[in-house]
Each structure stands twice: as C-alpha cells, then as structure tokens.
Amino acid sequence: MNLYEYAGKEIFRKFQIPVPEGYVIASASELRPYTSPVVVKSQVLIGGRGKSGGIKFAKDQKSLESAVKELLGSKVRGFTVNKLLVEQMLEIKKEYYLSITLNRTERKANLIASPSGGVEIESVPESQIFRKSIDPIIGYSDFIGRQLAKFMNFDAELSKQIRAILPRLYEVFQKYDCELVEINPLVLNGDGRLVAADSKVIIDSDSLFRHKEFPKEDPERTPLELEAQEKGYSFVELDGNIGVIANGAGLTMATLDALLLHKGRPRNFLDLGGTDSTDIVVEAFDLVLKANPKVILVNIFGGVTKCDTVASGIVEAKKKYDIKRNIVVRLSGVREIEGREILKQNGIEAFSEMMPAVEKVVKFAGGA
Amino acid sequence: MNLYEYAGKEIFRKFQIPVPEGYVIASASELRPYTSPVVVKSQVLIGGRGKSGGIKFAKDQKSLESAVKELLGSKVRGFTVNKLLVEQMLEIKKEYYLSITLNRTERKANLIASPSGGVEIESVPESQIFRKSIDPIIGYSDFIGRQLAKFMNFDAELSKQIRAILPRLYEVFQKYDCELVEINPLVLNGDGRLVAADSKVIIDSDSLFRHKEFPKEDPERTPLELEAQEKGYSFVELDGNIGVIANGAGLTMATLDALLLHKGRPRNFLDLGGTDSTDIVVEAFDLVLKANPKVILVNIFGGVTKCDTVASGIVEAKKKYDIKRNIVVRLSGVREIEGREILKQNGIEAFSEMMPAVEKVVKFAGGA
Amino acid sequence: MKVIVDQDTKVIVQGITGHQGMFHSGEMIKFGTKVIGGTSPGKAGQKVNGIPVFDNVADIAHLEPEATMISVAAPFVKDAAYEAIDAGLKLVYILTEHVPFHDSMEILYNARRKGVRVLGPNGPGITRPGKCKIGIMPNTIFRKGGVAVASRSGTLTYEIVNAITQKGMGESTVIGLGGDPVPGMDFIEALELFNADEETRKIVLVGEIGGSNEERAAEYIRKNVKKKVVAYIAGRSAPPGKRMGHAGAIIERGVGTAESKIKAFEEAGVKVAEYPIDIPGLLE
Amino acid sequence: MKVIVDQDTKVIVQGITGHQGMFHSGEMIKFGTKVIGGTSPGKAGQKVNGIPVFDNVADIAHLEPEATMISVAAPFVKDAAYEAIDAGLKLVYILTEHVPFHDSMEILYNARRKGVRVLGPNGPGITRPGKCKIGIMPNTIFRKGGVAVASRSGTLTYEIVNAITQKGMGESTVIGLGGDPVPGMDFIEALELFNADEETRKIVLVGEIGGSNEERAAEYIRKNVKKKVVAYIAGRSAPPGKRMGHAGAIIERGVGTAESKIKAFEEAGVKVAEYPIDIPGLLE
C-alpha cells in the first residue's frame, strides 16, 4: 500500500527524520495565513508532479491562495487532487537520493543512495549509486552509514547527520513492514541541515493486520479493484474486452498471456483463489460484469477448487445476473467430467483444454 | 546493578506488566491518607524482608502510620531503610515464580517458571520448574508461552494473561540489558488477575552508558567500593587484615587464594587493571589505606603494566601517604629487574616469585 | 535419492483442525504421506483423519517428526515456524497466504542458522510421486517418472504436471516455490537438488515476471546442469507496475520482465514454452 | 596445523590510532604477526607503526585480511564486529573490556551464522609462538613448544605461561578466552582444537569460579582427550555473591564453585594445581 507524501512525512517526523514544517489541507478554508515562502504540493500517488504542474510556489498571501484554488480538485496526470501539503520552502543547496527497499533476488533489504538526487534514480549512472545489502538479522549498523557517507563525499557534519537519519529510516522500514521507504530528494538546506523534501513509503499490504492505523484503502487502485480486494479477490482492471475468471495467480497470468498471444485483449485479471464454494464464483461474475466486458472466459484447473463447484457457480451466476453475453468455459482437473456435465445441461459448452477455449473467446471478442 | 523493588515495578508498569497500585515515600510526610488495606515494604536490596520484619500490613490509618514510623530508618538484615513502598494489599490466591536470566554455560537467556512461587526457588524440586532456553536471535515467541502455560496447568484465561506478560518481560530483559528480571511471587489475585507482587531487576553495569536514567550507584556496594568503582578499579572489601594490590582479575583472585591457603586473611580485592601509570598505583594505595589493613601485598606480573612503573608508584605512594606498615612486593615480568632496583634504592625488598611474598605477608599479618 | 523428503519422512500439520489442515492432511494420507500428528492449541486428544492432535509441537517431538505443514492464519505463521524449528524439525512448509514478507525473511534467515529448509509461504508444497506429498497439490495429476518441476505458481504447476502425465511421462519431484517476495527456496536451490538426483532426467522450471531469479537460474544451468531443462514464464502480458495477484509479480524498472527471463533461458539452452501446454512437447 | 591462526594469517586492527591499538599493533609486529592495516574513521592515509590506516574495514578488504583485533570503546564494539564480519573476516578478537553481555551475545550468534570465530571480549587474545600473536600477551614470556593453554584469565595466563617457559618447556598455542559472561569461545572449543593439533602434547586449562564451563570441559576431556591435561582454578577464596572483578566470577547457588570444578576435573583425571606456579610441575 502506497502512502501519500504527507502520511510518509508524518512517520518520518515521528522517527525524528527531519522534514520541512508544513500542514495538510483538504479545503481552502483550512489554509493558514501566509507568513513565509511555501510550497503547495498536490497529494497524488504519482511521480513527476512538478513537471505536471501539481506543485506550486507561493511568496505572498495572494499567490498562496491562488495556488490552493488552482490545485484543489484539479487532476494531476489523471489523479484527482483531494489534499494539499503546504510546506515551508527549502533553500536547496544540493539534492541527494536515499532509499531502503527489498531486493527479492538477494532476499535482503538494500540501502540505496546517490549524490545525484531529485531526478529519476534509474537515469543515474551505476557509478553514482551506493548500494548495500542489509543483513536481515543484524540489521542496520553504523559502519554502513560510514561507508555511505564516504561514498557521498560528506564532510564530518553531514556524515553525522546522515548517520542519525539512516538507523531511523531502517527502523521505519522494519516497523511499518515497508516494501520501500524513499527520500527523493534528500535536500541539503540553506541552514546546513539534511531534510527529507519528499517521501515515498510503500507498506506490505499483507502486514496491515498489525498496522491498524492505516485505512484499508489503496489510492492506486480503481474503485472496482478496491471492491474486489475487500471481497478477497486478486483483481486488476485492464483495458481490453475479455472478462477473465481463473484460479491461481500463475494460471490466471498464463490465461492472459495466452489471450495476448492470440491477439485477444483481457479486460481484467481475476484469481478465484483456493476456496471451493459456488458463492465465490457468483461474486466473481458480479465483479467481472461490473467491468462490462464483451465476453467472459472462465479457465479452471480443478484442485482445491473443484470443477463441479465452479460449474454450479457459473450456472447460478448466469441466472442471477441474467447474463446474455458469451461465456467460454474451460474445466480441467478434479471433477472435470461432472463440471462439464452440469454446464452442458444448462446450455453452456465447456472445453477440457485451455487453447481451444482461448481461441474461441478471442473470436467472440472480435479479435484475431 | 540491582534495582530496588519500586524501580523494577516502575519499569514493569511502563511495559504493562501488572503491578499493584502503590507509591514510594522517603519520609512520613509523604504518606497519603489511608483508604484501603496496604502493604508497607522496606526498600532494601536483600531477600527475606518479610521474615526480618521489613514488611508490614496496615488495615487502618493508625497502623499505617505506625508501620511507616517503625520501618523508615530502621535496619533490615544490616541494610538501612531509606524508602518505603506503600502498596494496595493483594488477595493472594496462588503464588508463582517467573524469571528470565542469562545462562552463562549455554550463552543464552533462560525463561524459568514454577507453580511454586513465593519461596526460595532453589528449594523447589526440579520437576516443579519450567526452564526454556530462548534463542538469542529469535527471541521470545508465543509457543514458549504456550508451553509454559501448559506446564503451569493454567486455564485459557490465565494462559492468555501470562502470554501477554511474557513478551513484555523479555522486552524488559533485552531493553534494559538485564542479567535478571524476576517476579517472585507472581500472584493470582482475588480479582482473577496475575500481578507482579515483587520485582528483582539486575542490570548489566557495563551497559549503563545506554541507560542514563539510572543513577550510577549500586546499593549493594560499600562506600569505599563505590569510590573505587568511580575511579575505575575492580575493588571488593573483605574482612581480613592484608591489603592486596594486584594486576588482572585472575591474578588478583589467585593472590587471594594463595593467601587463604596460607591462612592469611585478605582485606580486599583490588585489580589495577591494564593501564601503565604511576598514578593508578598511587591511587590504589589510597583506597587500600582507607580500608586500614595491617599489611599490604603488591603482586604484579608485568605485561602492559610494567614493573618499573609499579615500583615508582609504590615509592611515590609510600612518601605521599607516609606509609609505616609493612609493604610486601612481588614483581615479575616486563622490567622486573628495573622495578626491583627502584624499590631496593628506596628500602623496599621485592620478590620475583609469588609464593615467598605471600608467605612473608602472612607472617607480618600475624597469621599462619 | 532423498530430495528434501522421501517415503520415510514423518510429517506433522500445524493448524490441523482448521479447514485447510483437515482437508489436506486427509489428502496427504491418501497420497501415502506419513502424517503422524497435528497441532491445535487446546485441542489435544482430538483426532483429525485418524491423526492425533496435540497442543504443541514439543508434545509430538518424541515421535521424531522431520517436516511440518503450517496452515495457521498469517499473523501466527512466524510463531508456528519458530515452534517447529525449536522442536528440531528440518523442513518447514508454509501453506498460508498473505504472510508479511518481513516475517518470511526473518523465518528464512533463522531457519538457515539452524539448518532448516523453508518451503513457501504461499506455495503448493512438494510432491514426490510414490513417495511423499506435503502440501496441496491434487493427488490425481501425478505419475512416477523422471521429470522434476520447480514452479513459482500453484495452479499453473498442476496444469503443467497434468499435461506431462497425460503425455505418458511422469514426475520425480515437483516443488512449488511459492509466489511471495521472499520465498524459502529459489530455483537455484531446486536445481542443485534436481541435478544431483539420479531419478531426475529432465527438468521443468515455471517462472513468473518480477525479480531476477529466472535469470540467475539460467546462469546456473549454463554452468552446472547437463540435464535437459525447459521453462515457462507467466506474465508476458502484464503491464508494467500492475500487480497480478502474486506480490512477487510486480515489474520493476525493466528488470525481471518476461522478455529478459526468456532471453536468459534461451541463451542457456533452455527452451521456453509459449503456452503451458507446450511443455511436454519440449520435453520429448 | 593451523590452530585458528598461523604464520600466514593477515591481521588488521580496528581502532589502531587509539592508545591500546597503537601499542599492541607494534608489539604484534615485533612478535612476527602480519599486521597489514588498521582502521580509524577519518584518519585514512596516516600510518601507525608503519601500518597504513583506513577509514573503514571495507577499504582494506582488497588486501584480504583474515583476522581483526577490535580495540574501540565498548559502545562501538558491536558495530566494529559487524563491520569486520560484513567485510568477510573469519576471526574477530575483541580486546575491549566492559562490553555489555547482550551485545557480546548478539555478536556471537551472528558471527556463528557467518562461520566467523569470536575471541573475547575482555581477553588477552591468542598467541602461537613462532607463528602469530593477536592480542596483548607480553611477547617475552613465550617459547615454542608442546603445551597448549586455554584460560579465562589474563594476567594469570602470563604468570603460568612464564612459569612453563622458565621450566624449559614451551607453548604451541595460548588462548585467552576472556572473563566475560558471554565469551566468544569456551574451553570445549579450545580443547577440540588442541586435541586435533599434532604440535600440542599437553594441555593447561586456567579456569575461574562461576558458570559451569569447567565442569563441561572435564566431561569432554573424560570422553575425548587422551593428551595430558592439567588445570588451575582461580577464586577458591571468593565469598559467595561477591564480585571479583570479572563479571564472570559470580558464584550462584553453589553451581560453579571452585570445589565443584576441582572435583569435576579430578574425576576426569585432570590434576588441579593449588598455586599457579605448580602448573609446570604437574605437566612434567
């Protein structure tokens, strides 16, 4: 789960990682009178806000008011701006990059830093990037900070500051079950202090049971995805016209891949998961229908989820939602014969192999 | 460093380990009016306070006042009572024993519990003692609590309570660098709650640099021991008449052992440590003289601490403190010849072997 | 050769009285697995599928179990794993989904310290036809044979194993690595085992987008594996940055794309199937 | 045989610009130890006893050091140890006194995970006459020979080694285990090494009151050691509960008393000296 910049900075503040002074507003009425130069930052979960006009500077009351008026409710790269962060303006002397994230191949967290911050870190040459694996059991230790400070060419004072920030950043990474904590840019301010000018914090959604303070919302998800998540499905909206219901993430992915290779365009990713119940199937149809695809493909390999259960669910859903559009079904594995028989009795043809089903549904959808 | 009961309980309270309500007083004027039955407990660092009359019960204002009057300033097993803990009286249904301590042989912490608490745990048969090693890296985990609860024959409610207490107790053990955290007795109160009726917390003195909240005092030490500790010496007062100055804890111990085997009685243990400076020697004499022994034995094996440095220190101390009592010296190792020469010039005879020196000093002391 | 488990491996199920624990312990017994006990605190004395239930793993330790299937809710997985490790078990298979990856990481590194192997979380387990099954793979799809399969996916594994079996081939060992960001086992560890196992003649790897485990596996194969290896990569159609069910399947910065994995495999002489169903054909 | 270190062991000193680091690095070089560098953050480019100083251990890693002597203040020991482990060193000797035992414990278990040996804290190190010295034992007391010594005490070790040398015998390896509650090495680990080393013909153990390491060592000797072993136990005169300098030397509940240790040794055929000076006599 992605946190908004302001929420990430609240955590930073709590862990004594320096951030600019500021406050969040959701309406113009919450704006405080102008006292000194400020930055007004749209709270949307997308990079490149500056270039897209989502960040404005104000040097008097009037420009502050007009910035707020302009930004609140506007769209930044497709995302509606519901909140603004009003922050003291920094006197930027230098911008650095700093983050901790999981390296899945190493199965360890990595500390990443660069003297070239404020830009897309991907475009920074490898020689300008400090990267250090953190032992999962030992955790962060000061020698790592000393190595980092040397790489960054920090003087004694900046080395001291960064080595105060790093253990706290790692603590945030650990305590909040983060996939990523990122400060880009970490600014060397006019007063000589290192300050986190931005924050990007991604929390492992699986850990939310122990982080009740965060609302169960993920602003990166569409309303339909959120509804599906709430109901326990893995569901992603895509932009095609073939609704997909399958079981298992791998098989669902393979289904989408097969559609694509046959020039079909999936409307969604929906993984039924491993529960054997007709309700799960019926509800899955409800979600897919809300996405309004032209046709629907059901691809099941029966194991824990049995084919006859799925067949019954399909029949029930077809009646309940009065589905007229074509449904192409493939059932294989545990109870496949029983499942296909149920469907046949209800006028639905079911394949036992995946490829013919894919070919058929693509044809119905008007592709290939 | 031993904490007083009340200080241990303050930590317990902070970590939400249930303790009786109460407050500490250092004078009768701090006593609050009687409202309900209380226990008045002398704050001294010694066991068996109850049997020695250091704990009194009060069921009205009058008995409370007289208990305070009686206890404050009194002596419990030789220790002066400067503070009292006034606590709500528990309705004891059952007493358990619970502790976490370092097992030095395993090099791991042990969780120890017994359904027979409130007594000296040494006298409880082994079959009544639950003992579990805690992996130093994994730490406490709930399965340990489930094993303990089963051993203690706890019902579901008590199991839940103890499994809430245990992770916190381990957290105290870790966060405060404890050698021991002990609750004896852990009381099953009339209201069905488990409550820590006593606390024994021993903090590793070497860790005090990160626990600045504790005053650098150790109530178990004599004033002279505290002075020595302040000055950086390992120093223990004993009850003999031979002052001892040696270097290295092992050699100092071996010196005391040798004296004992020769029927000598050491007045103290003093380890010079590994610094090569005459001042260290002079100050050591100051401490030993304050203990007023009949004779003084100096036993040095020169390494980092060189024999000639020690010799110069002895000469300087002899002059500075105008020492008339006999000083027996043994110098061996690095610069032993130079050292013995310095002493000889100042009228002090020095041995090169330990045993003759020990024999001589015991003779001077009037032993053997 | 014993590949993690064999016909003598004694297995327990932590959380045996739950829906999953009950069903799959039964299936495992039917498959021939030596399930000797299960745990469920407070339910000692009960039986599930004829198997005795205990309060704690320590209470079963005298029966000398070697492996456990953990099927408790995600918040309790870490404790269950440590309980098994403490009791001296040598294989911890975690069936549970949605285990926080910080927990998985902690479990993995502590397990390694103690010489314990972790499988999962969120994978279908390990199956050795004719020997032992620990996990949730459907019993019916297997036949004893010479093909070893290691897969990051669950259902897709069944699909592929089924296809292999239907083409008249059979499997020596099938390992589901799990799709989580920090799996207990990766392709290289599986390849080491398959390479050393004389019953295994051919190897199938079922990968997914995300991470660079497939690329590293390809490198390992190039250097060490003489047996025939074929592969399938799921997620070719995934748009960058979109989650596809498995948290493991996020494409980050171009690393871990389907293209990069397919290229790595092909350069190592590993044929990559376009469709899962093509795997048996490539094996022939 | 290489007993932890030998003449080729490359050594660094962390905290080389401190009083102790400076003095003892010089002494180690005089003894013949291959000291190849030292660290002191911010002091890179300086030299101490002709040895180059670096900011971080990582900056010396290219010289492939194998062992380190840590001589930094107690609060910084843990970081220094992890720095050395991270850089791939295989022996971490901690000279520093007053390291909190919770830190020592953490260091020890993490070192073991990585196959790193810890010596100390608060011990005099290891000396192999004619080969290598890491630590603070006086150079002058040694002579190459066949007696191996493992000791929980510092000065007392020198006393005993000196006596052995003066009687015309010599030492193969002398290890100071350190007197702290959680030492990196214990008697059994030392005995395993001495037992396997063909240059070692006789063994001396110097114990102390507290803990039950001596008792366990006696048990080990009874079962495994054919070489002659003699011992000395310091602290016979210590009153119960009084601290005697080493935190390790607290008598708790009758366990770990001098009596119990002496009894255990004698039952294992290990003669126990009344005075340190008697050790050479018992060896003959």
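As written, the chain order gives the labels A, B, C and D, with residue 1 at the start of each chain.
Following the convention adopted for this analysis, contacts are C-beta pairs under 8 Å (C-beta built on N, C-alpha and C of every residue); 3 or more make two chains touch, one makes a residue touch a chain.
Being a predicted model, the structure only gives us computed values, none of them experimental.
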From subunit A, what is the lowest number of touch steps before subunit B is reached?
2
Name whichever of B-D and B-C has more C-beta pairs touching across its two chains.
B-D
Whole-Å gap between the CA centroids of subunit A and subunit D:
53
Could you put a whole-Å number on the gap between the CA centroids of subunit B and subunit D?
27
Intercentroid distance (Cα basis), subunit D paired with subunit C, Å
45
Touching two or more other chains in subunit C are residues 109-110, 113
Contacts with two or more other chains occur in subunit B at residues 137
Partner subunit B, residues of subunit D touching it in the complex:
23, 74-75, 97-103, 105-106, 108-110, 136-138, 140-141, 151-159, 162, 179, 181-182, 186, 206, 208-213, 216, 232, 234-239, 242-249, 253, 274-277
The subunit C residues in contact with subunit B across the complex are 41-42, 55-58, 76, 78-80, 82-83, 85-86, 110, 113
Per the touch rule, the subunit A residues reaching subunit D in their complex are 135, 137-138, 141-144, 146-147, 150, 156
Could you pull out which subunit B residues touch subunit D in their complex?
102, 104-105, 107-108, 122, 136-137, 174, 177, 179, 204-207, 209-210, 234, 236, 238, 246-254, 256-261, 266, 269, 271, 274, 301-304, 332-334, 353-355
